[in-house]
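In the two complexes that follow, subunit A is the common piece, with subunit B as its partner first and subunit C second.
And then the complex of A and B:
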C-alpha cells in the first residue's frame, strides 16, 4: 500500500497533521495505537503558560522569543508562530471544537482542584477567567453528581473562596445516574457522559439542577457532558435557567475524548485512512530515506509513503521508551536527546523540573529525525515525542503538538 | 498548656512500630495504665520497611539456632493470634547450580534441631507447587514460612491496647526524658503538628523506638551501642510467586522473595550506614542492581516484571555491652534494665530482634516492667487473639459479598463488620487497584489514628497498588476533607503523598515505572496544577 504521507500516532499532533495534509489533497494514513494524552486533557489548549523562571506568561509571543534554541517553538521561528496559532484555532473550529481565547494574551482555566492555570484556548462552556483578581463571579454554586469522586468539590470550593468567591456545594442525582452507580467503577467522567448522551437522561439532570439551584452568578458543573459532540452542552445551556460553566474533572477527560472523536471525523471526511489499534513496529530505510514501515497487524505487508511523520508521544504514550540501560525510540531506533546515566534522568523532588520530561527524538531545525547521526530526509517528528520541551514546567504541550504538526504539514506540501 | 489531668501513667512506651505497639498491648492486658507515643505515624520505621515475612526460622537455623527457635515459636503463635494479617503460603529454600547441594543436609538437620518442619522435595515438586521458581534448581526444602502484613499487625496491637485502656498519641515526639534523683519520671513531648510541648509522667518509660532508641537513650545520658544496618527492597507490580522463595545457603543479600497481597517483594541488601543518615536513606543504583540480579535467580520471570518501587529500612542492631569495639553484633532480642546497667531507675530499652518476634520482645519488656512495678500477672498475648482475628467471622456464609468487602476483610479481618457498607456513598471505591471503599477509609479515619493520606495508605493500602496513586490519591484526599480534615491541609497532604510515592519509584524509574511516573505528573501537575 502506498500513501503520500504516513503518520505514526493518532493523538492531537498526528490528527492535526493528518487533517492538514489530507485537506491539501494528499493520500494520508494514520497508524494509531489507541488512547492518547488527550484523555488527560483539561478542556484548554496551551501555547506557553510559564517562562523559564516559572513565572506566569501573559503574552505568549514575547515569552516564546526568549525560549532556548532547542525548543520546538524556536525551530518553528517566532515569525511563523502567529500564523500557525491562528490556523490551529481555525482547524479546531472546523472540526466542531469551539474554543475561546487568542494567542496574544493568555487567560486562565480552572483546574480540577479549583486553582488557576494560564491557557491559550478554552473549550466553549468551560470556566474561563481573566485573572486571579478578576473573577467573573461573586457567588457560585458548585454542583456535583452524587458519588462522582473525580470532581473534588471541597478543593475547588476552598480555592475559589480563597479568591473571594462565595461558593456553595450541592449534589444531585437522577434515577439513571443512581442506576449507573450500582457498579462502583462506573462513576467515571466518560461513563457518565455516555449515560447523559441520552436526551431524556439529560433533561432529567437539568430538571434536578433547576430544582436545587438558588440564585448564584453561575452554576459550576463537572465537565461530564458531550462525549462525541457538543450538542448536550448546548441543550443544557437552553434548559438550565442559570448560566452554567464547566470545570475539568480528573481523567478520563470528556473534552479530550470529544476532541479526539471530532478530529478523527474531520480526518475521515478529508479522505484520510486511520488504522485503529495498530502500531508501527519497524521501518525499512534506504540510505537516509525511509521507504516503508511494517505494522503489528500487517506484518507481511509494507506501507509505503513519500513522507513519514512520527507523532507517537512521550514515555506515557510509548513514543519514547526506556529500560534499565537507556532511553530509546522504539520503532526506528532514532537518535534521542537523553541523559546517559540513569541517575541523571530525574530528581528527588517530584515537583521540581524532571530532566526526563525533555527527553525525546532529536531533530534538525525542520524537525527531520536523525538516525545514527544522519538526517532522515523524509521522516519528521512532531508533538510530545520531540525533545527540548517540558509540558509541565512551560505549559506548552498542546501548543507544541498543534504548531509542530501544522509546521511540518506545510513543509511536506511545499508551502512552508 | 500543660494539663495535669491524665498525665500520670504506670508506663510510657516510646515508639509506634510493632515493638512499641506490642508492648503497649501486653502492658495494657496486664492492667497497667499505658501511654504509647510515636513521633510520626505507626510503622514509620523498620516495621513498615521490611519483607513482610513471617519467618519459619529456617533462615537462621544453621547460623543462629537461638533466633531460629524463637522464630518458629512466634511463627506458630502469630498464626493463632493474628490470623487476619497472615497468609499461609509456606516457603521454599531452593538450591541453584551455583550453590552447594550438600548444604541442604546441614540445613535440614539444623531446622529439625530448632523444631522447624523442613521437608526435602524434588525440583519437579517445587515447580509444581510454585511455577515461578527458577527451573534450573537442583533441590528444594519446604518450610512453614508465611507472608505477614506488618501495617495491619501494628494496627491490631494498637487497637487492643486502646481497648484495654491505653492512651495513644501519634505525631508526638519525645524531646526530653524527665529525671529526678537518678530516676526517670516521664517525658516531654512535642506535638509535631502544632509544635506545642507537653509533659507526661509515669513510673516507667520503655524505649521501643527502634534505631531512634539511640537518641532516646542519649536524652537520658545513657549510651546504647547501636549500629544502623540499611536493608533495601524492591516491590514488583504483581505477585509472581505463590510461596516465599529463599536460597538454601548461608544468609546473603537479596535472597528472599515474599508474596505480599497483590505484589511481591525481593530483599534485602545489608549495609552499615552512619547514624545521621537514618532519617533520609538513599537507595543506590548498585543496591537496585544487586536486588534485580539476585531476584531473577529466584524467579526468572522477575526479569520481565515491572518494578513498582524501592524502599529501605534500618535494622536496629545492638553491640554486646561487653564489646566496646562493636564487632560482636547480635540479631537477637536485647532488653536492657537501665537501673541495673546504668544506675538509672525507671527506664527499660527493648530493641534488636525482628518484626515477627515483636510479641516475645514485648513480653520480655513487660515482664521486666511488671517486676519493677510489683505486678504479678502472667503474659496473655501468646494466646489472646488480636482484634481482627478475635471473635466470630461476621460474614454470612450464604451471602455473596463484594470484592471490596473481601479486600477490606483481608486488611481489617473480622473488624470488617465495623465498616459501613449500607449506602452507595460508602460502597463507592476510592482505590480501584486495592479495592478500598469510602466506608473503609471512613472507618480508618475514625478508628485508626489517620491524620493524613500517608496514614490512610498504611491502614488501608490506598495508593499502594499498580498505579501508585494516580486517581485514588485525589479521591482519598476528597474523602479526608469530607471527614473533618481541613482543605488546605488535605491539599498539602496530597502533594506530600505524590512526592512520597515518587521517592519510592525514582530508584527504579525506567520502563513502565517511568511511563507511569510521567502520567502521574501529567495528571497532578499538568492537568490539576498541583505544586505549580
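And then the complex of A and C:
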C-alpha cells in the first residue's frame, strides 16, 4: 500500500496534519493505536499559559519570543506563529468545533475543580473569564445531576467563593437520568451526553433546571452535552431561561470525544484513510530515508510513503517509553532528548517541574527526527512526542500539537 | 537483567496495563443504552482483580456484553478488555444455557434440519402465531425476522455443480464457508467460487468443517465450541499441508478462528493462524503484488455505503475490503460512521435483548436512511440481517459486489 504521507498517531496533532495534507490533495493514511489524550481535554486549547518562571502569560506572542531555542515554538519561529495560530482556529471551526478567544491575549478557563487557568481558545458556551479579579458574575448557581461524581461541586463552589462569588449548589435529576444512574461506574460525562442526545430527555432536563433555578447572574452546568456534535449545547441554552455557562468535568471529556469525532469525520471527508486500533511496529530504512512501515494488524504488509510523520504522543500514549535501562522511542528507536541517569528523571516533590515531562524525540529545526545521530530526511515528529516543552508547566500542549502539525504539513506540501 | 524482569511482568490479557482512564466506557455500545450493565472497565479489568481473589465476585450481568471488542479498539493501553470479560464468563458463570440458547447457538444443526424443509420453515417462521410461540415459549423476540433458509445447502450445490472442475486449475485455495453461506445464503459462496475461478484458482472445501463456534461461546457452550474449533483447526492444518490458504467470507468466523480460539478456548493455532484469511484480503494482496488482474463490466453502476463490522474493525482489515471495492470503476463508496449495529450474532434474537439491540443500532440506521444508498456493504452476515430488517436496505458482502461487477471473460483472459 502506497501513500503520499503516513502519519503515526490519530490524536490532535496527527489528525490536524492529516486533514491539512488530505485537503491539499495528498493521499494520507493515519495509523492510530487506541483513542488519544484528547479524551482528557479541558474544553480549552492552550498556546502558552506560563513563562519559564511560572508566571501567568497575558500576551503569548511576547512570551514565546523569550522561550529557549529547544522549544518547538522557537523552531517554528515567532514570525510563523501568528499565521499558524489563526489557521488552527479556522481548521477547528471547519470541523464544527466553535471556539472563542485569540492568540493576542490569553483568557482564563475554569477547571473542573473551580480554579482558573490561562487559555488561548475555549469551546463556545464554556465559562471564559478575563481574570481572577474580573469575574463576570457576583452570584451563581452551580447545578449538578444527582449521582454524577465527576463534577466536584464543593471544590468548585469553595474556589469561586474565595474569588468573591456568591455560589449556591443545587442538584437535579429526571427519570432518564435516574435510570442511567443505576450503574454508578457508568454515570460518566460521556454516557450522560449519550442519554441527553435525545431531544426529549434534554427538554426534560431544561424543564427541571427552569423549575429549580433562582435568580443568579449565571447557571453553571457540568459540560456533559454534545457527544458527536454541539447541537445539544445550543439547544439547552435556548431552552433555559437564565444565562448558562458550562464547566469542564473530570475525564472522560465530552468536548474531547466530540473534537476527536469531528476531526476524524473531516479527515474522512477529505479522503483520508484511518487505521484504527492498530499500531506501527517498525520501519524499513534506506540510509537516511524511511521507506516503509509495518503495523501490528498488517504484519506482512508494507505501508510505503514519500513522507512520514510521527505524532504518537508522550508517555501516556506510549509514543515515548521507559524501562530500567532508559527512555526510548518504541517504533523506530529514534534519538531522544532525555536524562541518561534514572535518578535525574524526576524530582521528589510531585508539584515541582518534573524533568521527564520535557523528554521526547529529538528533532532538527524543521522537525526532522534523527536516528543514531543522523537526520531522517522524510520523517518528521510533531505534537507531544517532541522534546523541549512541558504541557503542565507551560500550558503549551495543545498549541504545540496544532502548530507543529500545521508547520510540518506546510513543509511537506512545499508551501512553508 | 532489569529489562528481563519488566518483560516477564505481563498480566493475563494485559490486565495490569489498565490506567483506569475510562475511555472504553465512552465507546461501549451497551453502556450507552443499558444502565444495568456495569460497563467494560468495571466488568473487565476492575472486577477481574476481585474475581482473581474469589469467584463470588462474578456478576451474571456480564452476559450483556456484546463481545464487539470496540472497548479494545478504543483502549490506548492495549488491554484486552472484552477477552477478560468473555474469559471470566467461561470460567465463573454458573448460568446454564436454556433450550433457546442451545438452539440459537447450534447454527449448523438447526441449519441442517431447516434446509430439509426450508419452504415450510421460512413460511412458518414468518407467521404471527409461530412468532408468538417463539417469543413466549422460547424467548426469541417476535419482532425479529429470521434469515431465510435456503432449500439447497452450499455444500450440496458445490458437490453437484462446482467440485469436479476445481482440480483443473493450477493454483488452489480452500474455503471455510461458515453456517450462513451453507444454510442461508449459498449465493455468497457461489460468488467467491466465480471470482476465484476467473483469476485461475480452484476452490476446495475443507475435509471437515464445523460451525466456528462464535455463537456457542456467546451462549455459554464453550466446551462444545472447543471441540468444534479443534476439528476446524485440524482441517485447516491439512489444507496447509497441501499449500492451500483457507479463505473466508465472514469477518466474525475469521476473527473467532484466528483470535478467540487461542485467547478464549486455549486451542493452539499459531502454526496455521496466518493460513486463515478473509477473501478480500487475499485478493487485494494478489492484485497488489501483480499476480492477478481483475476486469470490470463497463455498465456496472452502484452507490454503496460501507458498514464497519465490529470484528472487522478489531482485525484491522477494513482497508482490504474497501480498497478492493474502490477498484471497481462504476462504484461510489461512502464510509458510514463506525458503530455497532446492535445484533452481535444471536444476542439481538433474544427477547430480553431485542430493544437494547435496536437502540444500539439506531444511529447507524438513521445515517443509512439519510444517505439513501443503492445498497449497504459489510463483511459480516449478522450485521446484514440486522441492517436489512431495521432499514429495508439490501446489504451485500464486498465479494458479492465484486462478483456482480466482474467481467468474467475478460478477467479469465487477463489471468491466463
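What we mean here is this: the second predicted complex is superposed on the first by the 416 of 416 C-alpha atoms of A that agree within 3 Å, B and C clash if a C-alpha of one lies under 4 Å from a C-alpha of the other, contacts with A are read in each partner's own complex, and residues count from 1 in each chain.
Basically, a residue touches a chain if its C-beta (ideal position, glycine included) is under 8 Å from a C-beta of that chain, and two chains touch if they have at least 3 such contacts.
All values reported here derive from a predicted model rather than from experimental measurement.
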(message) After the superposition on A, what does A:194 contact: first (subunit B), second (subunit C), both or neither?
(response) second
(request) For A:259, select first, second, both or neither according to whether it touches subunit B, subunit C, the two together, or no partner. (result) neither
(request) For A:36, select first, second, both or neither according to whether it touches subunit B, subunit C, the two together, or no partner. (result) second
(message) By the touch definition at the top of the document, which applies to A:185: first (subunit B), second (subunit C), both, or neither?
(response) both
(request) Considering only the touch criterion stated at the top, classify A:275 as touching first (subunit B), second (subunit C), both, or neither. (result) second
(request) Would you check which partner chain A:251 touches, where first means subunit B only, second means subunit C only, and both and neither mean what they say? (result) both
(request) Kindly classify A:174 by the partners it touches after superposition: subunit B alone (first), subunit C alone (second), both, or neither? (result) neither
(message) Per the contact definition in the header, classify A:1: touching subunit B only (first), subunit C only (second), both, or neither.
(response) second
(request) Mind working out whether A:296 is in touch with subunit B, subunit C, both or neither, as first, second, both or neither? (result) second
(message) By residue count, which of the two partners contacts subunit A more extensively, subunit B or subunit C?
(response) B
(request) Determine where on subunit A the residues touched by subunit B overlap those touched by subunit C, and list them. (result) 37, 40, 181-182, 185, 251, 316, 318, 323-324
(message) Give the list of subunit B residues in touch with subunit A in this complex.
(response) 285, 292, 404, 424-425, 427-430, 432, 437-438, 471, 474-475, 477-479, 481-482, 487-488, 490-491, 495, 498-499, 501-503, 506, 509-511, 514-519, 521-523, 525-532
(message) If we count contacts the way the header does, which residues on subunit A are in touch with subunit C in the complex?
(response) 1, 33-37, 39-40, 179-183, 185-186, 188, 190-191, 194-195, 251-252, 257, 265, 268, 273, 275-278, 295-298, 300-301, 316-318, 323-325
(message) Considering only the defined contacts, which subunit C positions touch subunit A in the complex?
(response) 2-3, 5-6, 19, 21-23, 25-27, 31-32, 35-39, 41-42, 46, 72-78, 274, 285, 288, 313-317, 319, 323, 335, 337-338
(request) State the interface residues of subunit A toward subunit B in the complex, per the touch definition above. (result) 37, 40-42, 50, 111-113, 115-117, 146-147, 149-150, 152-155, 157-158, 178, 181-182, 184-185, 187, 248, 250-251, 253, 314-316, 318, 321-324, 342-343, 345-346, 348-351, 354, 356-357, 391-392, 395, 397
